[in-house]
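Chain lettering (A, B, C and D) follows the sequence in which the chains are written, and residue indices restart at 1 in each chain.
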Amino acid sequence: MGLINHVFGADSLKKLYPSNLGIGHTRYSTSGISELQNCQPFVVETLHGKIAVAHNGELTNASRLRKKVMKHGVGLSTSSDSELITQLLAFTPPLENDDTADWVARIKNLMRETPTSYSLLIMHKDIIYAVRDPYGNRPLCIGRLIPVGDMNGKGKDNSETEGWVVSSESCSFLSIGAEYYREVLPGEIVKISRHDVQTLDVVQRSEGDPSAFCIFEYVYFARPDSIFEGQMVYSVRKRCGQQLAIEAPVEADLVSTVPESATPAALGYAQKCGLPYVEVLCKNRYVGRTFIQPNMRLRQLGVAKKFGVLSDNFKGKRVVIIDDSIVRGNTISPIIKLLRESGAKEVHIRVASPPIRFPCYMGINIPTKEELIANRPEFHDLANYIGADSVVYLSVEGLVSSVQESIKARQENNPKNQKAFIGKLGHCTACLTGDYPVELEW
Amino acid sequence: MGLINHVFGADSLKKLYPSNLGIGHTRYSTSGISELQNCQPFVVETLHGKIAVAHNGELTNASRLRKKVMKHGVGLSTSSDSELITQLLAFTPPLENDDTADWVARIKNLMRETPTSYSLLIMHKDIIYAVRDPYGNRPLCIGRLIPVGDMNGKGKDNSETEGWVVSSESCSFLSIGAEYYREVLPGEIVKISRHDVQTLDVVQRSEGDPSAFCIFEYVYFARPDSIFEGQMVYSVRKRCGQQLAIEAPVEADLVSTVPESATPAALGYAQKCGLPYVEVLCKNRYVGRTFIQPNMRLRQLGVAKKFGVLSDNFKGKRVVIIDDSIVRGNTISPIIKLLRESGAKEVHIRVASPPIRFPCYMGINIPTKEELIANRPEFHDLANYIGADSVVYLSVEGLVSSVQESIKARQENNPKNQKAFIGKLGHCTACLTGDYPVELEW
Amino acid sequence: MGLINHVFGADSLKKLYPSNLGIGHTRYSTSGISELQNCQPFVVETLHGKIAVAHNGELTNASRLRKKVMKHGVGLSTSSDSELITQLLAFTPPLENDDTADWVARIKNLMRETPTSYSLLIMHKDIIYAVRDPYGNRPLCIGRLIPVGDMNGKGKDNSETEGWVVSSESCSFLSIGAEYYREVLPGEIVKISRHDVQTLDVVQRSEGDPSAFCIFEYVYFARPDSIFEGQMVYSVRKRCGQQLAIEAPVEADLVSTVPESATPAALGYAQKCGLPYVEVLCKNRYVGRTFIQPNMRLRQLGVAKKFGVLSDNFKGKRVVIIDDSIVRGNTISPIIKLLRESGAKEVHIRVASPPIRFPCYMGINIPTKEELIANRPEFHDLANYIGADSVVYLSVEGLVSSVQESIKARQENNPKNQKAFIGKLGHCTACLTGDYPVELEW
Amino acid sequence: MGLINHVFGADSLKKLYPSNLGIGHTRYSTSGISELQNCQPFVVETLHGKIAVAHNGELTNASRLRKKVMKHGVGLSTSSDSELITQLLAFTPPLENDDTADWVARIKNLMRETPTSYSLLIMHKDIIYAVRDPYGNRPLCIGRLIPVGDMNGKGKDNSETEGWVVSSESCSFLSIGAEYYREVLPGEIVKISRHDVQTLDVVQRSEGDPSAFCIFEYVYFARPDSIFEGQMVYSVRKRCGQQLAIEAPVEADLVSTVPESATPAALGYAQKCGLPYVEVLCKNRYVGRTFIQPNMRLRQLGVAKKFGVLSDNFKGKRVVIIDDSIVRGNTISPIIKLLRESGAKEVHIRVASPPIRFPCYMGINIPTKEELIANRPEFHDLANYIGADSVVYLSVEGLVSSVQESIKARQENNPKNQKAFIGKLGHCTACLTGDYPVELEW
């Protein structure tokens, strides 16, 4: 429990040195309480040896599956749907004879039992299976470890590979000396052994059903240098800012941002409008990310302590602030107040994503419907409520086109491209539109 | 993980205040490695609610049962046979309909599956089941919480009861303001609710088969003020000392002890011989018990640091040292050396229990056969090996009669007494004789 | 010892609640080893009550003063020059009668004993003395606590004051609900009581000697929203970038920065050149500041893990990177390599400060002369050594004018302005030029 | 701060391996609060190098000395009189020239400044000075480290010595492989270098003034195997029990003890009376010593949890309980209640020391006068108050004769014996009689 730096000191890492494969998980728990028992990977002994399972996502039919597993007589020791997956892999009938287990058959059976959302790593003996659900809802990608001595080398002449890494986000590869190799495709089961990466099967949705990668990864969660579906997250965010400038221009003196996740959108907006990009706030170092803090009081304190004001940069000016999202509305409000009290003449808010209105059941910890500003009466007079001169969100269509534009361009240029995606292109916009890609169960 | 005082601080106990029932376990792990995952109680959710299981003992057929459980498709997350019991309780067929579970039937089924050894507490909703295996191998007894305000009151006029506690050893009751109520009998299933204690069933061994309570609890493990089978452990140890004086008298000036577990036997021996009881060693405070320390090096250091020498008490005298047991022979040896170097004229060792020769598969962590002094060549010349003038162990018969004497007397006086034991009287002496009360499986 | 968040938990802060004054210090030790004993404030009991002393800076004549104090018979319990100051305050002769102490006389005596560098807080009973050395080498400023309920209010109609805070950097005020009041002037002794701030004396250098505020605070250490000498640090850094664009323009496609301290300079440079400002790197969250890490190995790892690459933003482009300083040269080199390998066509480095060549003896932990890149042979061919297409530093004159320009303007406009500085304007540029403002002693 | 086992782990001890001398202190603080700053040894740098000082005892004129030191201009960083000693050693005038310091002169000067109580270890470079005040109030003795390989060897043929150890109590020697060498005499200054122990001087009280070794060390504090003034503490305690049997016999069936410090007295009492010695209570392992716990509530809980009852041993019997001291009267009371409720017919209390009536100003943490049972009205009817059938304390004369009897015998046999004590034999009985051996100052 705790931050990785505290949990894994030099001593505990040293114990792992003789090993040559392993899986782990930095769980930011969504389903199931944040408890020691819910720590991943789940490891169980089966008739055919130990398996370890790390799971990113959330099963939409977890409740029914729990009953099924317990009805079979399995006592579940946690509230986690990741333990559920582990036990499903252990008992999935028909059980084979005592000598061998067909893990691929078991994984495919699991995929029939539950549609989404899961990106999985399953370790058994010297094999790791990387699995992404048929909707492709959660990201998963593969990196290649480059031989030491050329740590940042692009490796044109590096036919050799030191090993493989799998991660939700490609941005993690650089800092361990690996390079991006490719995405695990929606529905794909990849078998990774010491020197080899091999597609075992691809479980597809019905013909014509689009995939449903979470659009919120682009908007908020992913690090800007991560690559999804062949494009850099930063570029998508910048396009969102440009699109926002088209949809909602404003007469102002300067464009700025709430540092630092909205900076690409702000630069895109400023460029498109022809207004100067200027910094109005600086980050107070050593204060964590707002979204991740666990309760309201801490979140408010967090906002108060989070920024310094660069008042000389905007005194007497009309300011456009680009934010990446307004979820509850209690972060932006004190910022606007701060800017006005420090001399801003006008403060206009432009949000580089549409309002969140619906809960996510597929792995993102979105506040309750009642907490979402878009579902509250104040939303009808939002500018007034947050104290802004104006506030406009990006449209859903604007977001979707910013995300899909360059993918489609690539598809048209190279219709045979099967590496970047599979099946019909689509994204899950459920939290914005309420259109869930899968029927929900309780 | 760790000592109770460190693990349960004021804060963690405060969280338990609103509760009115609970179970726990200070596991001194015998089967299964000492790991966080093996911490008890095991808690799992079943179709019929959560159950929590605390287990003292060790299953003699654990290996076969593990296979059976895994073959049913349950992934086991630990190496502990206590998890095994928990999962067996969760899936024991035939499973009932979805609405209710017959826990007593499940417990009885478990008792059919595995003969020994287990003393169990099983918690489900507002009920705790206390279960002792049909051999009665591990102890289990019930205490009654006396209303506050009369903490040490014997409660003649206390018809009221504040609650119930169950423990392996009755000595724990006093310090929490409870009084000894009775033993859970071999094979008994007791249901404990808020104000009531009720025998649900008694699962017996075949007609005429004796019970098999661990005789080593009397010899070494139990605290002297604990009560087993109606008698105080201290009294049994004192009788062992008296019996030893009969079996192995010695011409000497004084009788002493290795503090402090052998003191009752030493006092019994001294009284029977008519020799003065004198202290020759004093304990070095803050040093833990030898048996419990995990490796050889620490154990040796422990001995060296464990005692002070009261040389004025025995200079120039012939000393009889009563020890409770000689297991490996490496504890007594430096003590004898210490006494001689501090002026003892002769040092005779009398051991108030027979030599341990065989491993225990029922819950006691006895060293390997090779480590046991009784199985080593040095045993044939033990006095010489440990540096004593003479060394004699108590006979098995002497031990058994010291343990059973007063129970038999009580039985004869009161042949209807069904509270103190059930079936034919017997004790497990397997570690001394190799006669295991149950067929062992691997 | 450790980060403030870890050291001061809720519990330890709660103990301070009933108090109404206090001092503290986040020591990033420069003189004296980083040990528990060196933790500030130093608290000693004197004949006239306890004093507590917090010290930012480093005494240039510490060695001679230690001898003097020890010769008087004082045993020093640490290697810290802050303890030295404390003991000097305790024994400074002539000692007064037993009844009272003239703390101001003692402070002035201390200031005669040692010229620089020190910003001090001295607490005695219900008074805090804030003292800045006559050179004004280290910063010190005063904030005013605004009544709760209007936490961010500028307080036009707030005649009331809740209390006073003193800090090295004004940026700390906002996050605790205080507002900037004024600087402590070079040589000033300020007495702070509950509701009052009062200048007791100003100890000046000789007529005509300039003050010597550390110019490196502007370049690197201070947070950009801090105010020194009446100007915002951010504005100074931006002017440095503009000046750099005049001194060292370059034909390129885009201007960028090593996030995030060089961003103001980069925006200034880009604006002056008319080139677009673009992000090429993103920060890897949760990785601390390079300068602060204690050894070479960790520093190198730190660089490797510190950034993500936004390659789509600069592939095939000529990039100008603005850095705030190049100290050892081992941070920028892997960044340039990273950019080239990710597709940059050219990489030009422009440094918004002059090269550091000399050690600081006044409180800044600068690497040894041998470690400084400017003193190494590689410096003559620096572009080649770090792998850049070109590299140019800002001139000392350029830096000084960027720092002094607006102060001088203010002075000319308002020659009576005595609040922002005192005596002749000057800055310590010793680490750049070797011109130490005070004679050094060993 | 904390128990030694927790504070000094393997890692921190490893750092000390290359060293060949050192001093330490397990401070159970009496004067000065229990704070990190008061941890010993105190280490300060002086003009002539570092000195480290460990101090057992308490200065009776600390208050005047503090003023004197502070008047000289030394700021004291703690409330500890041990820091005072350290600073006195650092500045004691006349200070010598810069090159050398006469530490013996400084120590003797310190001894003139303050009469008692202190046993000191002073480390400077490769020398340790062991010093005991002229009253000999606190114990101090020297042990000899025996070459490894013959750890418990008496070493007749061991002319070699591996090193020297100094300790308050000789009992500590055995567990580190050292043997008792001799006491540091009252007023003696011993210089210990690597292979040599040398008396530098003996500072005596005025002619005919007796020494004043704390009699409470015999009664309560010391471990029974420690040697003071040539006799084993255990033997003194046993004699106290015998003397008590003469002074206060009782018609009873058995003699017992509150384990375990009163056991020697109980065995002495039983032997003298001709009554059997029987155990009535057993210790609950893992519960610390009552005296050492810091507040009333914890102390009461401590009593409740401290013992188990061996009721079979005394049911229906008349019991004499020997206790070593009754200080507050709240420990014995619940024990008597416990024994009666468990079946004792009568409970008589005999206390093997006189009542404590006065505070100690020389290093023992005795409760306030008001807390002492001997000063409370209940003392007049103590048996009734604590619930005993009778209670009698040992007389002061009885205690003194038990302590001095064998020393006097030795003196008579060997009038030249100068090793065991010096000057006139005497003991401090101030806490019992109010006769303080030194005039007290405040």
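As a convention for this text, contacts are C-beta pairs under 8 Å (C-beta built on N, C-alpha and C of every residue); 3 or more make two chains touch, one makes a residue touch a chain.
Everything quoted here is computed from the prediction, not taken from an experiment.
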| item | value |
| --- | --- |
| Any chain in contact with chain B as well as chain C | A, D |
| Chain at maximum distance from chain C, centres defined as averaged CA atoms | B |
| Fitting chain C to chain D on CA atoms, where both chains share a sequence, rotation angle to nearest 5 degrees | 180 |
| Self-contact between copies chain A and chain B, residue sets same or different by half | same |
| Separation of chain A from chain B, taking each centre as the mean of its C-alpha atoms, in whole Å | 54 |
| Geometric centre distance via CA averages, chain D-chain A, whole Å | 66 |
| Distance from the mean Cα position of chain C to that of chain A, given in whole angstrom | 38 |
| Overlap residues in chain C, where contacts from two or more other chains coincide | none |
| Arrangement of touching chains [line / ring / star / complete / other] | ring |
| Set of all touching chain pairs, with the criterion as stated earlier | A-B, A-C, B-D, C-D |
| Chain A residues touching chain B - in the complex, by the definition given at the top | 42-47, 51, 66-67, 70-77, 79, 86-87, 89-93, 95, 98 |
| Complex interface listing, chain D residues touching chain B | 3, 5, 151-154, 171, 174-175, 177, 223-226, 231-232, 234-235, 260, 263-264, 267, 271, 276-279, 282-286, 289, 304-305, 307-313, 334, 337-338, 341 |
